[in-house]
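Look at the two complexes coming up: chain A is in both, with chain B in one and chain C in the other.
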Partner chain A sequence: MGWNLVRIWTVLVYLFMFLPVAVVVLLSFNASQFGSFPMTGFSFRWFVELAQNEAILRAFRTSIVLGLLTAMISTTLGVLASLALVRYRVPGSNLISTLLIAPILVPEVVLAVALLLFLNFLQINKSFTLLLLGHVIFTLPFVILVVQARLVSIKRDVEEAAMSLGASPRQTFFQITLPLMLPAVLAGALFAFTISFDDITGTLFWKPGGVETVPTQIFAMLRNSISPEINALGTVMIVMTVGLPLLGLAIARQVAKKSGG
Partner chain B sequence: MSVEAREARQPWILLSPALTAVALLLFVPLLFIVVYSFWLRTATGADEVGFFLDNWQEALTDAFYRDILLNTLKIAAITTLACAVMGYPAAYFIARSKGNKAILLLLLMLPFWISYIIRTMSWINILGVSGAFNTAMMALGIIDEPIQMLYNEVTVILGLVHFLLPFMVLNVFVSLDGIDTNLEDAANSLGATRWQAFTNVTLPLSLPGLAAGGLLCFVLGAGTYITPLVLGGPTDAMFANLVFEAIITQLNWPLGSALSLMLLVVLGALVLIYNRYLGMAQLMKGLG
Partner chain C sequence: MSSVTLNNIVKRFGNFTAVHQSSLEIPEGAFITLLGPSGCGKTTNLRMIAGLLDPSEGEILIGGKRVNDVPIHKRNLGLVFQNYALFPHKTVAENVAFGLKYRDVPTEEIPKRVQDALDLVQLPNVGDRYPKELSGGQQQRIALARAIVIEPDVLLLDEPLSALDANLREDMRVELKRIQERIGVTTVFVTHDQSEALAMSDQIVVMSEGRVEQVGAPEEVYNTPASEFVANFLGASNILESRCTGTGDGVAIDAPIFGQMTIPAEKAPRITGEGPAKLVVRAEKLQLSDQPAPDGSVSVPATVETVDYQGQAVRYFVRAGDTQLQAINMIDGHPFAEGAEVHLHLRPQDCAALPG
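On to the complex of A and B.
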């Protein structure tokens, strides 16, 4: 009896998590001109309008460029640091780990204010650069956590075997270590991209006037009025941020299968 | 240089870019706003460099800030409690389910990938004047006029619970999953009922996960300003809204610095207390 109650409770919790989001997707196909209930028919009109909305397209471009650059920088920094922490015995590694994940232990609002004021003092005003630096520092801890967790599972034996067969440290890194690390690197990059693409808390502080990312664009649209395009935009974002990682997961699984993993 | 010395230097070369980034983009800026909070915004709009206590006096003694700080902590506490009550049984179910554990876990990860702003605004589609609830109630003839249920403290908490619940479920799941089920069986065979076995064995062992989830819910909940802006009314500002207001709207950066630091001290103290008793490792398990 008790177990069934837990089961029903769990179903309700999952419904609570997903029902509102499902309604967003449902309404994005609503033919009604108000973008709300009742559903008057099935239509792609809001997606068409989305594709013709210059401001939204611009926001998408900004978000994608920002996300890609953030992922590149943050993954590079994160992978190097993770290698050091996993592969070497560093004195004070606990303290270093804590310092490196500090950006997510500090409330994001506080991080946003501190960075904005300090860089402004250094004559770096609200700009794409500030936005990029902010996203890098905010995503770095996540990359380090993810990459570190996966690096631990790579055995050193293979590298030592390569070295003992005469490979130089450089050759060993590029031909053995890097390919083995690739899933971890990609996972870190994907994580950084997704977090950057979704971020609004810091972004609203750092973005220059007139520049919008997709989340800040949605936020601005919400403040004006509930435009029906928002649901369509939401659906596109869900497809991007859920579909892409799932695709990545599927590819990773295929690759693992092929390499006999 | 000897091989050992090179070997010893290597990790520092690898670490230096990340450590430099964290130092220059987090720690120095934090120290900078400590200094900035003692400057003064003048009537002309320029910030006067100096050592003024005005901002701190205003932030610490004005009842307006104190009340909103207390209200923010109250909202975060209710949110955390609701997440625990809703999330614990769900996490228990996932940890103990046999066949569909993988799919339940995958579903649990999905909300992390769905944009926060979309999940927040999705409640407008449910509770808004022309939302699902009102439409259904009117269609059923239960009400004649749509009821405005949005833009109050309850909907702010609802939005926060919706946003933070996955953090709680995930953390509790991680600790429940690490408990040997034989322990419960042993308790049962020694005469404990299933409920007794749960309350005396499983629940205490899962407390670290519950605490980690609770800390995340509380700190993330208390630091938000987006949810109150989207789902709250004009009087539902949380403390982070005051920071946003001071920095972005009023451009009073010295006062904004002081308010930011207040938030940092209050929430940072919680993180430190947590770290003192439970350590960061538990928290990282859920995040990694």
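On to the complex of A and C.
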């Protein structure tokens, strides 16, 4: 009896969490003019319209370029910062570590407004570069957390062995350390991409006029009406932000298996 | 192959001095062991020779050349760690070949060199496997192969047997010594295990609290300890506060329990004249018997207090007067029971003496 209650409760919680998502996905295949029930038939119509909507395509391109650049920069910086913090005795490394992680802890709105006011103070105009900068700031902590955790588990002995065999510190990094931390580096890059692709709060504050990412585009469209196109766009977003990390995880697991964990 | 010299090496970590003024001369081709409890500075010394740590003072010479400023990857050393430190993402053959890539070895010669090294450690058929597919003992052999394939000037072994279980450790001990003798490389071996040190070394360097306590051949260190620390660290010893009453034909010692005895001068090289002295009686030199000694041995009555049965040997704690002594005897028939009245036999030439 008691267990059944728990089961029912669990199912209800999951329904509450995922039903709206499922409804969006379901409705994106609705043939009807209106983005709501009842469904009148199965159709890819809204996806086709989506693919022909110039504004959405532009937003998509922006989001992908922004996401890729964010992932590249964040991962590079994150790997370097992790190496410095884990492998070298940097003065004030605890403080630096806390500061680098801080963007996770500060509410995003606060961070967004702060950066905006700061730019205002410096009399710098909003631009794509600054948007990118903002995304790097708050994806960096995720990369650092993931990469640091992996780096700690790579024994110093292995690197010392490589150096004793004649590899310079640089060769040791590329031959030994980097391959061993590759799963974490890939995971970090993926995190950075997904978070950047998903972000709306910071982006709304930082984006220059005329530039839209997918989330801000959806937001703008919603202000007018709930078009069935939005359901289709939502479905694409779900596939990208859920599917990509799962794919990445699978790849990372394969790499890890090959490199002996 | 090269000799290694440490000249007045000091290593400080902040306010803590890990190694005090130690000097060491390791001849070419020798197998020398740095022995001591954890924290005695033996690993610090090894890491300074390897170039993983910089000495705070003093200089390190390899093959007569000062290497203080030579980084580790240019020192041409073989390094073997306690936990193998194999590259998990490379196959065994790639692991062994790793060091050859950074040397002027023609590419076509590499597979042969790798195979020779694998043959030498008696694992000729594992080249295609990954390290995690091998047992601990096998991994350590591969680590050894990887270190010697580059023909290092010096082989540095940092507790290489400590992670293995007891039986395997003894096999590897013999194996390691065989390989070292075969290739004749100067070897520095770090361990806290006295039996490894005694079995393998040409010379043992006993260290304690960052200082070298004694340097000598295994027999010398074992039989004529230079300090109370060495006497206690290598095997079990009874140390008795005594007096030296004269040096002439041997060293005359007046010891509690055993009374007056004369021990050979070479067993007490550090005693210069009359005065307080410490008598060192190794536990296995103290024989229990139910008869008084017939010959010139010292013989005193005692009572067995504790019996620690170990199979082929037995360790007794006995009480003679108000002093407790320990004795390790091979078992011939039945061991003595607790509470038994026995005679302790001791030959003076088996004792050593230190200045008090």
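Just so it is clear, the second predicted complex is superposed on the first by the 245 of 261 C-alpha atoms of A that agree within 3 Å, B and C clash if a C-alpha of one lies under 4 Å from a C-alpha of the other, contacts with A are read in each partner's own complex, and residues count from 1 in each chain.
Just so we're on the same page, a contact is a pair of C-beta atoms (placed from the backbone, for glycine too) under 8 Å apart; a residue touches a chain by one contact, two chains touch by 3 or more.
Here the structure is a predicted model, which is why all the values come from computation and not from measurement.
**Student:** After aligning the two structures on chain A, examine chain B and chain C and state clash or fit.
**Tutor:** On the shared chain A, the partners fit.
**Student:** After the superposition on A, what does A:Pro179 contact: first (chain B), second (chain C), both or neither?
**Tutor:** second
**Student:** Touch test for A:Val24: chain B only (first), chain C only (second), both, or neither?
**Tutor:** first
**Student:** Just checking: does A:Ala161 make contact with chain B only, chain C only, both, or neither of them? Give me first, second, both or neither.
**Tutor:** Touch partner of A:Ala161: chain C, not chain B.
**Student:** Rounding to a multiple of 10°, what is the angle at chain A's Cα centre between the Cα centres of chain B and chain C in the superposition?
**Tutor:** Here the answer is 100 degrees.
**Student:** Which partner does A:Ile144 reach: the first (chain B), the second (chain C), both, or neither?
**Tutor:** first
**Student:** Hey, is it chain B or chain C that touches more of chain A?
**Tutor:** B
**Student:** Thinking of the overlay built on chain A, is A:Val236 touched by chain B (first), by chain C (second), by both, or by neither?
**Tutor:** Once the two structures are laid over each other on A, A:Val236 reaches no partner at all.
**Student:** In the overlaid three-chain picture, find the nearest pair of C-alpha atoms across chain B and chain C and give that distance in Å.
**Tutor:** 7
**Student:** List the residues of chain A that touch chain B in one complex and chain C in the other.
**Tutor:** Shared contact residues on chain A: none.
**Student:** Which residues of chain B touch chain A in the complex?
**Tutor:** Within the complex, chain B touches chain A at residues 7, 10-12, 14-15, 17-19, 21-22, 25-30, 32-33, 36, 86-87, 89-90, 92-94, 104, 107, 110-111, 113-119, 121-126, 128, 130-132, 134-135, 139, 162, 165-166, 169, 194-195, 219, 222-226, 229-230, 240, 243-244, 247-248, 253, 256-257, 260-261, 263-264, 267-268, 271, 280, 284, 287-288.
**Student:** Flag every residue of chain A that touches chain C in the complex, lowest number first.
**Tutor:** So the residues of chain A in touch with chain C come to 155, 157-158, 160-169, 171-172, 175-176, 179-180, 258-261.
**Student:** Please give the residue numbers of chain A that touch chain B in the complex, ascending.
**Tutor:** 2, 5-7, 9-10, 13-14, 16-21, 23-24, 27, 34, 36-38, 76-78, 80-81, 83-85, 87-88, 90, 96-111, 113-119, 121, 133-134, 136-137, 140, 142, 144-146, 148-149, 194, 197-198, 200-201, 204-205, 214-215, 218-219, 222-223, 226, 230-231, 234, 237-238, 241-242, 245
**Student:** Quick one: which bits of chain C touch chain A in the complex? Just the residue numbers, please.
**Tutor:** 50, 52, 71-79, 81, 83, 85-89, 98-99, 101-103, 130-132, 143, 146-147, 150, 156
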